[in-house]
């Protein structure tokens, strides 16, 4: 947005290296400065997150299927989308912090679990196999949480 | 989780510096290796995100109010929570990437917009004033997206 | 499902006349018999509803656009869809009851409000006009709640 | 709201007997009159539903726990709540219709399934037992859809 701000210059190397931890800290400072910690309870934040996911969905709701990269969207609309995606992220980061969860490392671990669960040799290109695979593993204890990053077409 | 893995050692300095960009790249690699790009359309990913938010909500659904830090939760339950928070994050990051949105920088910008919109002097500790403030600004064009990180109690 | 049950016979004329009130009463009885009223607080039920909306979304998540009537879906999948839609409905009805809202009549009133807000003469077939109309009315006080049943394509 | 309208008089006995079918028909007429059927595809309606659930959540987001009957809420706020609950219901009813699902009867069947799954003798008052019960049945095929109307505290 309109070139690098002084602030960006000072903090340097911002491009492509925004960390979960940084956002978490900024959200914590933001709340503390305004005495809003009292409102940031786990379930309050969760409902706020759901509210933002609703606003995100509204952007896509009457569009039918939308191609990658959103080639036909106006710049203003993309900006709006970026804001809603950000709102979801910021509440997610804040909720994790308030719950004492290290979100960044939890996400890395989840990616490793997914890699083990969905081996390339079995999953490649076939949603059919994935469904089967998914069904077979559904009997394990943590099935519902493991469905995360996966194509389980027939679920 | 149980000490640094070899992989963590190699990549180094992981603690507290997991970036949005890194997660985005890992998700892109994960999908490409499995030929899953075909399934990762914007609205497919959005619905997958909604599904994960649902699983996140299920964790909190029968608990009544929950104190910060989740002092009474078992370790296993916290681990489950970390996985669901991660699933939401991973799909959010992937959705942003597929839409061509630089999520990390969009979030930083959103934080700056929020700081301007909710000046400390007006907002401090009072949800009443916030509501009023929120109402007054609702007539501007981007009202719905600006509700993001804010206590609008009476909305 | 497999012919009318005795219970259906007794209650008679069930087909096409299931009322909101009836579902509300059945849910209340169900909870009371199991001493579950203690868990059915407004926010607990709301989060349970969000959880069910998540499961509903999972059914559609990897499918791309889906034609009306779901012509290619297997019977088993449609049954699953019916169950998830029902879960959302049952929690919605229960939440309304617990909040003291007469959901059936509120819905009828909302339909009347929508008819006034979106006159046929202005809205017919044109999503462009609707967008404009929607934008113009966004400045009124209850904008966010009035967006309900409407095609606001460019929102 | 402002006494019985003429329309209410004509249709008579409205109080407490609003049926799913009636709402479905009204929604269908509303869309047809405005040529909006073209926008009412399954996934469009699903995302609109998610949007409304988001607005519903916003009402509760900063409130902390809320007692039954909402004794401290202003009339205006309750009215707003009724509108958002209605929006969710109307889109749910419309989505079901477009998918060819008989929502009213599906809900009655789901209630019967739940009664079988959660027998009073086992479930009464104990969230512990419920959790266990829920865990035991999780290995059956339709586990995820069966979690519907149930207290699975430790899930």
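Lettered A, B, C and D in written order, each chain numbered from 1.
In this text, contacts are C-beta pairs under 8 Å (C-beta built on N, C-alpha and C of every residue); 3 or more make two chains touch, one makes a residue touch a chain.
Everything quoted here is computed from the prediction, not taken from an experiment.
Consider the two chain pairs A-D and A-C; indicate the one with the greater count of contacting C-beta pairs.
Between the two chain pairs, A-D has more contacting C-beta pairs.
I'd like the Å distance between the centres of subunit C and subunit D, where a centre is the mean of that chain's Cα atoms.
Each chain reduced to its C-alpha mean, subunit C and subunit D end up 5 Å apart.
Which integer distance in Å separates the CA centroid of subunit A from that of subunit D?
Comparing mean C-alpha positions, subunit D is 27 Å from subunit A.
Can you list every residue of subunit A that touches 2 or more other chains, as numbers and ranges?
Answer for subunit A, listing residues that touch two or more other chains: 39, 41, 43, 46-47, 50-53, 55, 57-58, 60, 62-65, 127, 144, 147, 151, 153, 155.
How are the chains arranged in terms of who touches whom: line, ring, star, complete or other?
Contact pattern: complete, every chain touching every other.
Taking the complex as given, what residues does subunit D use to touch subunit B?
Listed in rising order, the residues of subunit D that touch subunit B are 43, 46-47, 50, 58-59, 62-65, 77, 127, 147, 151-155.
Under the definition above, what is the set of subunit C residues touching subunit B in their complex?
39, 41, 43-44, 47-48, 50-55, 57-58, 60-64, 138-139, 143-144, 155
Any idea which subunit C residues touch subunit D in the complex?
Residue list for subunit C touching subunit D: 1, 14-21, 23, 26-27, 30, 33-36, 38-39, 41-43, 46, 49-53, 55-58, 60, 63, 65-70, 78, 80-92, 94-96, 98-115, 118, 120, 123-125, 127, 142, 144-149, 151, 153.
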